[in-house]
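We just call them A, B and C in the order they show up, numbering each chain from 1.
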Amino acid sequence: MDPKIAVQNVFFTYGDGTEALRNVSLDIAPFQIFVLFGPARAGKTTLLRLFNRLSDLIENTTVQGQVLVSGRDVFERSTDVIDLRRRIGMVFAVPTPLPGTIRENLTYGLRMAGVRSRDELERRVERSLTQAALWDEAKDRLSRPASALSGGQKQRLCIARSLALEPEVLILDNPTSGLDPLSTAMVEESLHDLKQRYTIIMVPHSVQQAARVATRAAFMLDGEIVEVGDADQIFGQPLVKQTEDYVTGRFG
Amino acid sequence: MKRQQTQKLAIAVITGAAALVVIPIVLVILYIVVQGIGALSWEFLTARPRNGMTEGGIMPAILGTLILTLGTAIVCLPLAIGAAIYLAEYAKDNRLTRWVRLAIVNLAGIPSIVYGLFGLGAFVLFLQFGTSILAGSLTLGIMTLPVVISTAEEAILSVPQEFRLVSQSLGATRWQTIRHQVLPHAMPGIITGIILGLSRAAGETAPILFTVAAFYLPSLPSSVSDQTMALPYHLYVITTQVPGMPLSVQYGTALVLLLLVLSLTLVATVIRTRMRRRRDW
Amino acid sequence: MANLTEFARERYAQAALRARPASIWLRRGWSETLIELLIRLSGLSTIAIVGLIFLFLVREGLPTFLDIPLRQLFSGRWYPIEGLYGLWPLLVGSLVVTAGAIIIAVPLGLTTAIYLGEIAPPWQREILKPLVEVLAGIPSIVLGFLGWVTLAPIIQGLGAPTGLTALTGSLILAYMALPAIISISEDALYAVPKEYRDGALAIGATQWQTIWRVVLPAARSGLAMAVMLGIGRAIGETMAVMMVTGNAAFVPDLGLDMPLSPVRTMTATIAAEMGEVAQGSLHYSVLFGIGIVLFVVTFTINLIAGRLVGSVVRRRGGQL
């Protein structure tokens, strides 16, 4: 199968001269959970934000190389960035409900896309909440402020909010960083179901979590991809010494 | 110990100096209130001046100041908020932006009498608006720009970056993000800045001297090309230009102006604290 | 069956989401493009406005510098009725009043800022800061009025022939410049890292020694900026000054009693005389010429202040 996302020889530099990505190449096949892991400041977030061009929000950056989503380079001039972002959902490390009710959060992207139909919006609310395993807890309080949810619920709301746009890819950047083990387990479980329908790219909270959820995995270090492989291989018999050290906890 | 004595002395001097700043402020306000409260009456607030302005009320001046404040808002707000959004959300870190910032800093530093000259040259004479509410509002509006721009920009910048990231990651355009996420949250700060700016404009005399203010008018203004009386100028006139003016009328006028301006400031502060408490991040 | 309809509906909705032309103009709609254009224009308009202000001042005031010989401009006689336009007395008037105000306001302002930032307990700060804001909010005409009815008689009691003197103006101006000086100094003190203080206190310095030897030196560029902007405020103030300085266009004699002589500032001259001049006359032009001088002076002061601490200016925006 053609890769959903293909990264080809990407270099990325921030305005202050930080070389965050150095010659990164990567293929991500559809309908799987691709885990991108590595120590702090490896460049994971930087790489993820190229996929939906959220990197545009930072000034004075330079990019080289290609990032292909469904075969088309996102940095091409003709790319419709807004459409790209609708096709690629993103969930951030800190659960960030927008101020407003749960329903307003879920329908925000759709409303901004010009969807007006009440029925359509309601239907998407229910579907996305169900997919994010939040429907039962939230169905009676859709008109309440999203800020009243617990941390784990908030993060599942953020997942649901991305899913409401029916994206092709779902990116999760360390989505369980602030969550308790139970909430973490619930998020992981919903991911497991979601990979049937979406291509999921995730930065995990820990190596353990990476091993639990990954179909494939890539180890990043200092802006470079050290090793890519199937989860079993990466977490079982890593080929590169640095990967092995990191996976076995001898890193640093 | 000498060190300890110096310390004690220094602290005492500093405290004394602070008192020297603060106590007169309180005294000034109390004094005006005490002296002016006797003149305040329903008639004073709602009647026109009579008998060479020594009797009757100051309604035309109050009304004029309210009209001018409204005019100032209409001129200033769209430009100021637009400029604040530009600086906070659109401006890149380049030379052009530095010029814009320099321009704003300098606008803030230009003396109000110079704004008055500008208003005279540009609006009254060149554009031939004459001494009119239109010319006065334009002058005051431009003078108020820098205050409103800088407070509004600060308010916009204080909206957490996460909201912008989340909104745009959900496919909202930049403007949609500003419109639906940034501005609602910056609103308390923006409103505070607006009211502060307007309260300053309401109390200004120099910019309206040659652009709109009238010494005395027998009738109320009926269009934006009329002149109007205004509280600050009226206070100036009855203090220095009209001999035999009863002191109580002067104090009464000063008190009304002070109350108007300070209540605006108070409203701004209340809005700010209220809406801050309501924020939910 | 139900599933099938749902599936169809879903695809349809997705198609609706996707079926958008790629052109940015069309996709975002002309209204959004228009709004963004307006936003950019309002940002750039600030530059245009500064330019226009200068342009109109020059347009009306240029004859001052073309038609009057420089020697006369710098002479000591301001006597427009006889066609004598010596700016010297007005410059000196502004200078004397402003200098007096700064001499009073800077020590008071700095110490108040030190008190607020370093000494006052929080509950006092909660009360005092708004009070200083209130002072900033009192219209200059009200302070001028008070100066006229209360302060002037007191000054006259000091032995001056009249209560309307440079000193009266300086006192009123000092209080008008105080809020700006206090708030910028406070920012400057606040920006001094806490470690500096802790370090000094740890080696046994008293609080005063810490403030005097460590905090103030560290904050000096910010404090200098506070002084500059205080000067800018004071030079440009009009109404209060016009009411209480006596408006005598003479160069006061140098001496101890100089503060007790009446003076006339540039701002007051414009405000007092513009109402009486014929538009287009030389006198009219000269008043605009004084406006040019004021514009250039305040512009320069702001530039210098901006150079002093670029970051503080940027942080505070235009609100100085």
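As a working rule, a contact is a pair of C-beta atoms (placed from the backbone, for glycine too) under 8 Å apart; a residue touches a chain by one contact, two chains touch by 3 or more.
The structure presented is a predicted model; accordingly, all values stated were derived computationally and were not measured.
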| item | value |
| --- | --- |
| Where chain A and chain C overlap in contact partners, by chain label | B |
| A-B against B-C, pair bridged by the larger set of C-beta contacts | B-C |
| Chain at maximum distance from chain B, centres defined as averaged CA atoms | A |
| Centre distance in Å when chain A and chain B are each reduced to the mean of their C-alpha atoms | 48 |
| Mean-CA-position distance for chain C and chain B (Å) | 14 |
| Shared interface positions of chain B, touching two or more other chains | 173, 176 |
| Touching two or more other chains - residues of chain A | 82-83, 86, 113, 165 |
| Residues within chain C bordering two or more other chains | 28 |
| Parts of chain B lying in touch with chain C, wherever the complex brings them together | 3-4, 6-7, 10-11, 13-15, 17-18, 20-22, 24-26, 28-29, 31-32, 78-83, 85-87, 89-91, 96, 99-118, 120-122, 125-126, 142, 145-147, 149-151, 153-154, 173-176, 196, 199-200, 202-206, 209-210, 232-233, 235-236, 239-240, 247, 250, 254, 257-258, 261-262, 265, 269 |
| Sites on chain A touched by chain B in the complex | 52, 54, 57, 59-60, 82-83, 85-86, 89-90, 92, 94, 96, 98-99, 108-109, 112-113, 145, 147, 158, 161-162, 165 |
| Complex contact set, residues of chain C against chain B | 28, 32, 35-36, 38-47, 49-50, 52-53, 56-57, 59-60, 107-109, 111-112, 114-116, 119-120, 128, 130-135, 137-146, 148-150, 175, 178, 182, 206-209, 211-212, 229, 232, 235-239, 243, 267, 270-271, 274-275, 279, 287-288, 291, 294-295, 298-299, 301-303, 306, 313-314, 316-320 |
| Chain A-facing residues of chain B, complex | 92-93, 162-173, 176, 180-181, 184-185, 279-281 |
